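Both complexes shown next keep chain A, but they swap its partner, so chain B is in the first and chain C is in the second.
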Partner chain A sequence: MAVASENTTQKIKEVNPRVKGMKDFFKRLRKNKSALVGFYVLVLFFFVSIFGALDANYGITGTSSSATNLTDKLEGPSAQYWFGTDHLGRDIFIRILHGMYITLGVGFTATFLAGIIGVPLGILAGYYGKWLDTIIMRIMDILLAFPGILLALAIVSVLGGSTINVTIAIAIGAVPQFARIVRGSTLTTKKLEYVDAIRALGARDGKIIFQHILPNIMSPIIVNTTLFIATAILSAAGLSFLGLGVQPPTPEWGAMLNDGRNYMYQAAHITFFPGMMIVIVVLAFNLFGDGLRDAFDPKLRK
Partner chain B sequence: MTTFIIRRLLQLIPVLLGVTILVFSLMHLTPGNPAVIMAGESAPEATVKAIEQRLGLNDPLHIQYLNFLGNAAQLDFGVSVRDNIPVFDHIQPRFLITLELTIYSTIFTVVLGLLAGIVSAIKQYSFYDVTLMIITLFGLSMPNFWLGLMLIQWFAIELGWFAPTGWGNADQLLLPVISLGTAGAAIIARMTRSSMLDVIQQDYIRTARAKGVKERTVIFRHALKNAMIPVVTVIGLQFGYFLGGSILTESVFAINGLGRLIIDSILQRDFPVVQGAVLVIAVSFVFVNLIVDISYRLLNKRVDLN
Partner chain C sequence: MTENQLLKVANLKQYFPIKGGFLGRTVNHVKAVDDVSFTINKGETVSVVGESGCGKSTTGRAILRLDEPTEGKIEFDGQDIVSMNKNEMRKMRSEMQIIFQDPYASLNPRKTVRQTLNEAMEIQDVVPKNERNDRIIELMETVGLQRHQIDRFPHEFSGGQRQRIGIARALSVNPKLIICDEAVSALDVSIQAQVLNLLKKLQREYDLTYMFIAHDLGVVRHISDRIVVMYLGKVVESGDTKAIFENPQHPYTKALLSAIPVPDPKNKSERIFLRGDVPSPIDPPQGCRFHTRCPYATDKCKTEEPLLEEKDSVMTGSHDVACHYAKDIQSGRHKPTYEMTDVRKALDEEGGDNESTGKELEDAKN
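Moving on to the complex of A and B:
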């Protein structure tokens, strides 16, 4: 009996287009070298940032991102200080390591929050249409009227600068982007014949949305989540750079750039390394996100 | 076409109302009494009361909003908390500088992005194409303020070719423009490349080639014209985003534009100036988007923008 059911599951897996689609998807993703590079960098950074977070809060290596050493201030990279020291003699390498989880954490959390709010709004607008669609999308248009970091900046100016407030501000700014994309995909999926057929069979809206619409729109959601984390990291670094985001002495990378800009004539490395790290992280998300998009939709590939 | 424009203009009304409500709420959600900040912490209560009276802070909220809306429509954003100068007088010269920076950056973006994208598409998979695509990926991933800092480091401090800060002189223009425009140039290069590749594969281009039309004519007269349609939208959007992105660039290069005014005013809690400047940027952005929509429609008559 057990054997028979195993066989059946196997058969279902072979026939089920979704399972087969996933197999093809991973095959395509594995073939995409730049996406893989992005993926491995992200995995590496993920573990490094966990180590950095533990080290920053529980002192594994006994180093500190806030230990000042004024005799060694503004020193260039050396064997002792890999990325040099800043104006207070703090070790920049250690600061980057200890700040990594903040940079990645703000990016992830802001994007996650935006998705939690934006995806349901997009589905509601796309699925139910009519006045609900008009109201939701007009509100999204209002939020979209503030280009770039302007909305996040305005929100932070009200809430005050802190790690949590920056995360909230960026999340609010990102909600309309999720809502727009999800609404578009929902509209397309809703028009598919089989969705009509299921509805004709008497399926409820909730069942249609969760079992049929949502799985079909997962790929644009996943791709945009990945790409949006990159944008969120850039925005967070920008706000902190302006002194309105994560506050010193927290070793957030944008805030470190803000520290370093006053010492560019004496010590260029203070601004070089944190910025380079932002570039690498954002690049990795962009590579992986582009790869996901190509793997989900091979027709788009050039 | 006229009905389309009228319909789009009507759609703007709720958006603009929403934007003003949002900007108006800024001041009222901010902790602290603006009248106290304006009068100074140690000012006597009577002074604070007088200022509250003058700003109408004791009126019901909806009356305050209607006043705000009515005044904003006449470009009256109140007076600065810092120096009692009308907000409009603060904004106007700064807006012109930001607009200049935005326009130059757009030109830089378009010229560089288009050229790079076209060459890449013509020579697909060549060494040039691959290199360019890698460079554009970096361009997309770089924070524009960090690029600005690095440009200052190399070209102003080390080489001394350009001024590290400021705006207006010839040696002050290029670095901010590169800093603000690079990401946009990368986006447009990628868009142009993929759009050109799409068009080049189409039948009418093959027909033109088969007829013996010169390759240059095929590319520039037949292909580019159609490939430009999606690119134009992106160019318009870039222009809009530069209005917002200039906040960081202006801060790096100490340019006295609208963005720097916003930052300074936020730090000094000068709310009327923040409100006025944010509103000006948002409304400009909304109208830029309208122009983009209309030109997209004009370029591509087949599109039905419902």
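Moving on to the complex of A and C:
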């Protein structure tokens, strides 16, 4: 009987601590109102963009982002055209809806690519140090020496303007940021005594890196990822605005800004609505990212 | 005697390069450990003492090859471990373990006790997989933890309990030698005693050998059989605990011992104050490294490095000291140039601290 009760308490305890840690984390996150707002906006946008993507490709509502209607061109917001029409009479609301997945997709993919390359580079540099560190970090320094948009411009002009190339260009520009942050965290974690303890036990480098260092540097990586998606979206929009990114008639938000540039004085809504959407998305990511950082590291909070 | 030896450290040197300049070239070295030799016998507890920065922890880390030693020989159970390759060393690691100072940094915060201990056994493959769970519980009970705490994370334990987990982890691979790197320094005095008693109990039960790195001499006296005193990367004195405490030979050891507080307010023992600070290990003094702070220092000390030799005439046996004048000081033939106990008084007079505070008090009254 006594053994049985002991076993049951053991089983309960087995799940408790980790769940408790996660609960604390979400409790801290929930307390942060602005982060919550950011989070809800992102969730909303996520589903809207899925709907937009389906609609754009399979025509659920029967609308088209490239259907021109020259009689209704440059019209302001109305019941028929919620966000008005552009210089070719295309419905801006539909274009924003259909372009959302491109904008978010470029941001996510570029950040993900940058993380895939930057995180291992940072860990290698930080963990092994010496000449490997010197080589990796000097290359990263060279990349960092270029202003991000200029680097992306150069890469796009070599590869040619397309959605995929823009993504690659932004990803390359972001690699050094990931590498730097990860290298710093790795250096700190590597010096901790539990890493020495596991080395004294004879663990192989792979085990030390994947089981002892990586899990303990995840929080800066996650925070940086969230915050970087916002930057990536901005860069993508910037490149498209310059005509080097996503090519018209694809309804990318940056390209739409460019479309409306010539009509700024007659029809400001053409630039206003895509611009507003970019601001909302970037703000949402930033608020959520800041909230994540605070929730991960309660010591930093005031 | 030699067959009883478990660890032999000979002429160990650990220099850390200082990088500088544009290309990151090595401009200088920190000579953290400089030509240190000592032996530890089976079943013994040898303490390495000295003030912070004297290289005692570095010595411990070099023995485990957590930092690769620059030079020297380390023999464990007759095998040279410095020349071992990675794989040989990996197998060797189950023989010697380490317990760290900081119980908060020495456990991975994301692993439960079960995971931590299981991992240790897995790496060294000391216990078959299906028996590991029982072994973990057994280990936890050995170090005084409850079996229901097995799935708790480190942050749910107190400092003393964490240190017990650290000890359990070290024990899990059945080592012969455990290096306790300031293992109790970070704990409360009451917990210190508990952990020390646990270590002693474990030593008896498992026939362990300890290398105890510490700066708390009270603790050291309680636990060790022999003591090695280090100063600025060198051994200045080594011998049986009794010999070191009752008949210290080196002026540095004397100063160190006089710093132990005596729990008797009436006993005003003579506290020895050393002049100045420890010199930089980047550019240590020539000759005897202690000569800059030693009241007995002569010109000979400034140029000629003393060897670690037996000079104790009272407690013969294994008591070595690295001082030119150990015998003369003992017999009273070599007098200090100033009284070591008066240094504080002299400093007070030179600095005039007391006067100024007196004046301030008077000013405050007016």
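Criterion: the second predicted complex is superposed on the first by the 281 of 302 C-alpha atoms of A that agree within 3 Å, B and C clash if a C-alpha of one lies under 4 Å from a C-alpha of the other, contacts with A are read in each partner's own complex, and residues count from 1 in each chain.
Methods note: a contact is a pair of C-beta atoms (placed from the backbone, for glycine too) under 8 Å apart; a residue touches a chain by one contact, two chains touch by 3 or more.
For clarity, every value in this text was computed on a predicted model and none was experimentally measured.
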item	value
Partner chain in contact with A:A197 - chain B first, chain C second, else both or neither	second
First, second, both or neither for A:P215, with chain B first and chain C second	second
Partner chain(s) touched by A:R30 [first = chain B, second = chain C, both, neither]	neither
Partner with the higher number of touched chain A residues, chain C or chain B	B
First (chain B), second (chain C), both or neither touched by A:K207	second
In the complex, chain C residues that touch chain A	24, 61, 64, 66, 89-91, 93-94, 96-98, 100-102, 105-110, 112, 119-120, 123-124, 147-148, 150-153, 156, 166, 169, 173
Complex contact set, residues of chain A against chain B	138-139, 141-142, 145-150, 153-154, 157-158, 160, 230, 234, 237-238, 241-244, 254, 257, 260-261, 264-265, 268, 271-272, 275, 278-279, 282-283, 286-287, 302
Chain B - residues contacting chain A, complex	14-15, 18-19, 22-23, 26, 29-31, 137-138, 140-143, 145-146, 149-150, 152-153, 157, 194, 197, 240-241, 243-245, 247-248, 251-252, 262-263, 266-267, 274, 278, 281-283, 285-286
Chain A residues within the chain C interface of the complex	6, 9-10, 13-14, 16-18, 21, 134, 192-194, 196-204, 207, 211-212, 215-216
